[in-house]
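Some structures to go through are shown next.
Look for chain A in each of the two complexes below; its partner is chain B in the first and chain C in the second.
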Partner chain A sequence: MSPKDNKPSSPPPPAAPPAKPAPKNPGFVTLNIDGKEVTAKPGTNLITAAKTVGADIPYYCWHHRLSIAANCRMCLVESSTSPKLVPACQTALQEGMSIRTDTERVAEVRRSVMEFLLLNHPVDCAICDQAGECKLEDYYQRLDHKPSRLEGGKILRNKRKVLGPLVVLDQERCVQCTRCVRFMDEVAKEPQLGMFARGSEEYIDVFPGQQLTSNYSGNVVDLCPVGALLNRDFRFRARSWFLSTVASVCTGCSRGCNTYVDFMGQDVYRYRPRENDAINQSWMCDQGRLSYKPLNLARVQAPSLGRADDRREVTAAEALLRATAQLKAMAGTAELAVLVSPSCSNEDLLAGLTFAKDALGVRHLYVGGRPDGAADALLMRADKNPNRKGLAWVSAGLGLSLEPFAALLKAVQAGTVKALYVLGAEVPVDEAEAARTLAQVEFIAVQATNVTPLTETADVVLPTATHVEDEGSFVQEDGVVQRVRRAFPPRGSTRGHWNWAVDIMREFGFPLTYESARDVFRELSPKVPELASFGWDSEAPPLKTQRGLQPLATGADGRPPGYREFGAPRVRGI
Partner chain B sequence: MLPAAEKVITRNWGKPDSWTLEAYRANGGYRSLEKALGMTPQAVTDEVKKSNLRGRGGAGFPTGMKWSFVPKDSPKPKYLAVNADESEPGTFKDRYILENDPHMLLEGVTIAAFALGVRTAYVYARGEFKFQAERLQRAVEEAYQAGILGPTVLGKPFGLDVFVVRGAGAYICGEETGMLESLEGKKGWPRLKPPFPAVVGLFGSPTVVNNVETIASVPTIIERGAAWYAGLGTEKSGGTRLICLSGSVNRPGVFEITLQTTVRQLIEDERYGQGMPAGRKVKAVIPGGSSAPVLAAHEIDVELEFEALKKIDNMAGSGGVIVMDDTTCMVRSLWRVIRFYAEESCGQCTPCREGAPWAARLLRKLEEGRGEPEDLEILLHVAHSIAPFPPIGLGNTICALGDSVALPIHSFVARFREEFEAHISQHRCPFGDRPWGHYGALRA
Partner chain C sequence: MAYYQATKDPTTDIRERTYVPELLHGLAVTIRHFMRNLFFPRDTNTDVLNRTGTSQITTVSYPEEQVTYPPGYRGLHRLVPREDGKPRCVACYLCATICPAQCIHIEAGEYETTDASADSRVIEKYPTSFVIDELRCIVCGLCVEACPKDAIRMDTGRHTPSEYTRSGFVWDIPRLLEGPPVNHPSDPWLKRPGSERPAHAHLEKHARIGEGLVPLKLPRPAHPVRTEVTSGPVPVTKFLRD
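Take a look at the complex of A and B:
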């Protein structure tokens, strides 16, 4: 051993541990943080416990779902159990211990760690995507706020190392917290990242000849407390403080990972995973992360009539009249079929299926939806439809049976289907081929969010809002009902599936007064026992999802939320 | 007159072919192993405990106590890891043991393994110890052939395998948990403690980590008895110890000394340092490897013993005594020391990773005459942010490498502040630009 060995840093373990004091609150650990008594479950992290009494201990490397590294040394606090400062992330709670997070000594060590971290940090916040949501920035404002005392150059490293399809690394901005390395090792279980070299020259990288190809690579971008790991899809597209955020659910597969939708105006810029212990913990897969793109691209924006070259945009009233005239004639006959997608929300299904049953008089539904895809052990599921379970519940509640998509194709080829009403234009087979087959049907009315071959062959296209443009709820694979929040009003002339269904039912002569998805759920969900107990309002994620300044509330000044003109952002609190 | 130290570790050094099994046996080797195998493991541990043997790697932790921390009822295998990653600047004693008497180490390993119930032991040699590791490996092979290692040890129902592993040349792998990581094939990043290696060590199993010199002392303790060994030393520390004397003395080298020997005696005694080169005076002495605080000339009457050095906020460390004479520039010396630690910082903890290169940069600035008055305060502040001092052991980092950066800075500046200030006010190094100063009086 060398003399540095375990002498100061590893005090010898005590020969016989002193008798533990009797716990003040049996079953719990009672300790003192900044003079305030804290009672916590044994095993609680000190950082978490301190938050309950308002002591916000800063940290970089700690993450509640990763192993403890204790290498950033930002969370050092004074403890009655040690003459040294101890890292809060690593310190086990002990009965009767006393922690100080507010002393001069702690403040000084935080300031010095900030200074150390900024020594070789390029401070290129002006061109950094992390600016605005960067721990270095936040803690500098809060804890350091002093100019650098370092003279001369900084260590130069690779500023744009492409690690994989989704992630690019700026090695100069890295603070060596190893969160990304630990995530890939422990959660993704694909150890594709490593820490190379030694001392201040060390850097994160992929191993030689390899790439960060994991389906969970996007999470390292979220984990990175600074702007070192960046999302290539999002990079240089928006300043984070101009983005508004709303809590939602990923609709990429049946797992239903909880997300934040970051948007500006009526464009979604990215998904970020939202904490949910039961479903996705703190993560989401890359496929789900990129599934926001159809919300912006190739949207059906206006109602239209006529197939192929005869297509023309019309008003909503005209489209509704046409659809009503055609469908009413065949209502109640076997010549009318309804195709429904398990990607629609519960409210869409409740209204749409009520329409199908009461107005169109069908007894069974053909199930469309996206085809199955790749799956993995962590979060991604083969079923790419977010609400198959909801469809099963709602159809059963309304007494409708479900038929596979292949049965519809067969019936069309047999010529027994003369009219088709489509709720969600996704099909589980090759879209172009399905559209060619379905084109044999004399009349097709489609409610669709995006342009697909099926919308091209439809006689009536009703443009539909996506899940970020309307309130709603989805049932994920385990039967958990999850609310989504509306980010911004529907694009163009789009309306929710439920809204079209309600409108067309009015044309059919049903006096419905539903004004919102909430009304639909309140009125129709009692028919579905599984949904009846769901607290549509009480179980919704909070509207205020970020601390600090908030964008203007919806429509506060007559503009869509998140809408920004050039110039200073209008935020509450300034 | 200083009493001559009993030869415990060095007794076979210099004898013909002392590194072979034949010669070692001829000199009485492996008899303590036979004696130990006739005792109970607990009796061996008790004997070591009573001998007051303290770890020679740097921390000076009582060896017997360390052994007794190993849980007796663990279902996992236990390991013994011998730390031969001797990398501390100024320290070269383990290297002599490996070269001159590898079988004494092996005998110690076997006795320790018997006492601890270990079936697999590792010797982790530093990457640069190619020759030494090969010599030890040959000794291991000899021992296997002689039936000392292997499925049975000297015919007794106790088996032991010993593996000699070479590191890749990182100082931090001498830190005990860094060494365990390296042994596991990982990057040598020290682990968080607790748990200590005695409970969760190599491959997650209870592991005892001991220094080469510590383990090599064990055969003699068993042979001559704990009372005899304890009697050689002081009240709290038994035996003799190896000192690596280097720097400005007439006779640098490895010496086995009694613990009552003072630094001054070590430098001046005929059997050890034989005094300073003609015309030169002691200016400073580092008593325990380069990470120990420096002693000024008036402080060198301290005994080279754990408690005595601890009393003056210093440490016995690894026994690397570095003597600097009055032609040595302290700024340049400190710069060299800190450059070493900046290079060898593992990069895990922020203060050490970023602070050490910053301190090295400041020292270079001072040494090259570009220093400004506030630089000295910044330097001290950097050191304070890595590890406050005194006392030793308040470091803000996971392992003690942070302390190793801060302690020299604190102690050099505290004792030789005028010299640092002279560099600033004169805008040059008063000793000139030769690597270790030029041999002349300090220029005004």
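Take a look at the complex of A and C:
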């Protein structure tokens, strides 16, 4: 045996990792889900990819705008890359992988996970506000449908922990998905919520000594897949299956967050954020969330004439005649001023400003609107008027110049204004003080949605519909035009701003045939280049957006869904 | 008794043409019914309430006399009270949802955390207003079926009493609430003192199964365990459904 032979042989070179299969569709990942081929962009979540071929993978903790926690274990699926089941939310797409979501094994695991999640859940759906929109209910019906096998009592926790001004927590109903914790940490950047204790004693709470005071706390209620986090403002006011939903836009500030308006009869019960990648993602602020209240409260419902003690309710025709007679006398003179609120929709502005220019003959407008307020880095803007950009566009398109509100007060104090036509009664200064100053004007005609000091001092008040009572469009601060949908017919004798303006123009002798906000936009928007290209019909969100039970279907008579002649369902005779 | 043939031609039938036998026949039928009602009850099981005297006549002089209703009879609604005299209802709106006549109107309220009643702190939600328009009600009983809390029943065995106004038929909580208080083992006020997290003692209870703290639900009656000696691997014991 030669030394050469004795030399230890060099180890074989390490086996190269098996070459990745060439992608079937370059630039995309091609995989197989339930026997169907799926082509998706790299980085797509498996749950999203599966949805495209109709495989509805259940999940609680996953949310497409939050980090992945994979702690609810609801989305376990069979994968060719692993002997065990893998959570779909956390599994990266691989070329050529095969996923099964419809096998016996997956079904059994889903059922077991549901059983664990429901182990300590108090099944108090009867008093739970989430009932009807609860994922536990939905998945129990779909995947589990078995009685509990728990012997002995459930773990009792705090059923009514008030976390903050808007949110209350039922720790017993929680499934520990940590969506709310991750939202406060990652999106709101105010980590006020945390998980405490271990195992089955685990619970969500605010950190000691803190409260959930964030301006985005309402979003954790939307995020909560079960009834643990609830909105204190909405709590116990309506069951979710009685509410109808229409897509709209928040008018609380100039951000224009997309919303769903949940309503019953002619009352709005809540706003919920609607997905829009460009504007508000999936969120909205608490201030905007509560801005539905003026739609229900302190509304001007009937036309009225006369100031203070002489105030009397009249018919619309009478109020129109009075306003026409007074305004016609002053039309074309410098003593007639027009105050416009940037809270009105584009259609209101198109009709109202056309009226101001063609009938009243003014060349400049005074701009009212709500005063500036608080702002933050995420969504809320200081300008609380939803359509300031639209006002700028429309007035420029019609050749009208804009003057600040202070100029109007100065002109009134100087006595150069004798008559005032007001489109939207919001003023950017102290309302009572402004009303006292404006009371010096001999004749004031106001179109207003809500009772304000200015409507109290007006000679003619024309009640006006809100943005949920009429179709329309708003221009958000970045110049995005957004449609709102009509939820229910206007309350009382209210009409849209555009409707009153068109009616007075008819009294002035203009032969107008506009019957709807759509007509107004179609006829008048060509004068405004920025609005002319907006697809009023094509950009509109779909009318029916809520799945499930609707109180009343849209009738053949054109009633919107959920509309009842006598308001919310109630017993007659009381 | 001769059975009258309807196919007979009345123009050729002597009995029809003379008329008198058929007249007497009709009178006989009337008198037979009259006599039977006067002396013999048609249904010997008829149990008439509030009947005075020994009369067994079939005709019931309602409303002075009334027949009894079967056990499943759906009468006027009532709200079932709890021990503390409040209705068991938690304002879940299921009855109002199922009601095909839309005759139930509920408004829900929330007990304050500082409410003096301990029960109230457990229940959280209660009806501030619960009214049934008995004129609109079609007595279908679906509200009773839907109620998850055994809070509404139709076991009064009474009809809706007459009223002079429509608004009199709108029954609210004070009129609807009647009957003895009802408790169920699943009622929250039997399980915990308040809605906050209870003291530590109960926490381990569920984990200490077999110490007599918690009554066990056995999957089947206890029976002698069969022991089989085998040479193979030890058999795995399982709960098997019979």
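Just so it is clear, the second predicted complex is superposed on the first by the 530 of 574 C-alpha atoms of A that agree within 3 Å, B and C clash if a C-alpha of one lies under 4 Å from a C-alpha of the other, contacts with A are read in each partner's own complex, and residues count from 1 in each chain.
Methods note: a contact is a pair of C-beta atoms (placed from the backbone, for glycine too) under 8 Å apart; a residue touches a chain by one contact, two chains touch by 3 or more.
Since we're looking at a predicted model, the values are computed, not measured.
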First (chain B), second (chain C), both or neither touched by A:Gly152: both
First, second, both or neither for A:Met74, with chain B first and chain C second: first
Chain B versus chain C as contact partner of A:Arg307, first or second or both or neither: neither
Contacts of A:Gln90 with chain B and chain C, given as first, second, both or neither: first
Touching partner for A:Lys24 - first (chain B), second (chain C), both, neither: neither
First, second, both or neither for A:Gln171, with chain B first and chain C second: second
Chain B versus chain C, judged by how many residues of chain A each one touches: B
Set of chain A residues, in rising order, touched by both chain B and chain C: 150-152, 201
In the complex, chain C residues that touch chain A: 90-94, 96-97, 102-105, 108-110, 113, 122-125, 131-133, 136, 148-149, 166-167, 169-170, 188, 191-192, 195-198, 202-203, 205-207, 209, 213-214, 216-217
Residues on chain A engaged by chain B in the complex (per definition of touch): 1-13, 15, 68-74, 76, 83-85, 90, 108-109, 112-113, 115-117, 119-120, 149-152, 175-176, 195, 197-202
Touch list for chain B against partner chain A, complex: 55-61, 65-66, 68-69, 83, 85-88, 91, 170-172, 174-176, 179, 187, 190, 192-194, 196, 198-199, 209-211, 288-289, 291-292, 315, 317-318, 320, 342-351, 353-358, 361, 365, 378, 381, 385, 387, 392-404
Interfacial residue positions of chain A with respect to chain C in the complex: 124-127, 131, 150-160, 162, 171, 201, 235-237, 239, 241-242, 569-574
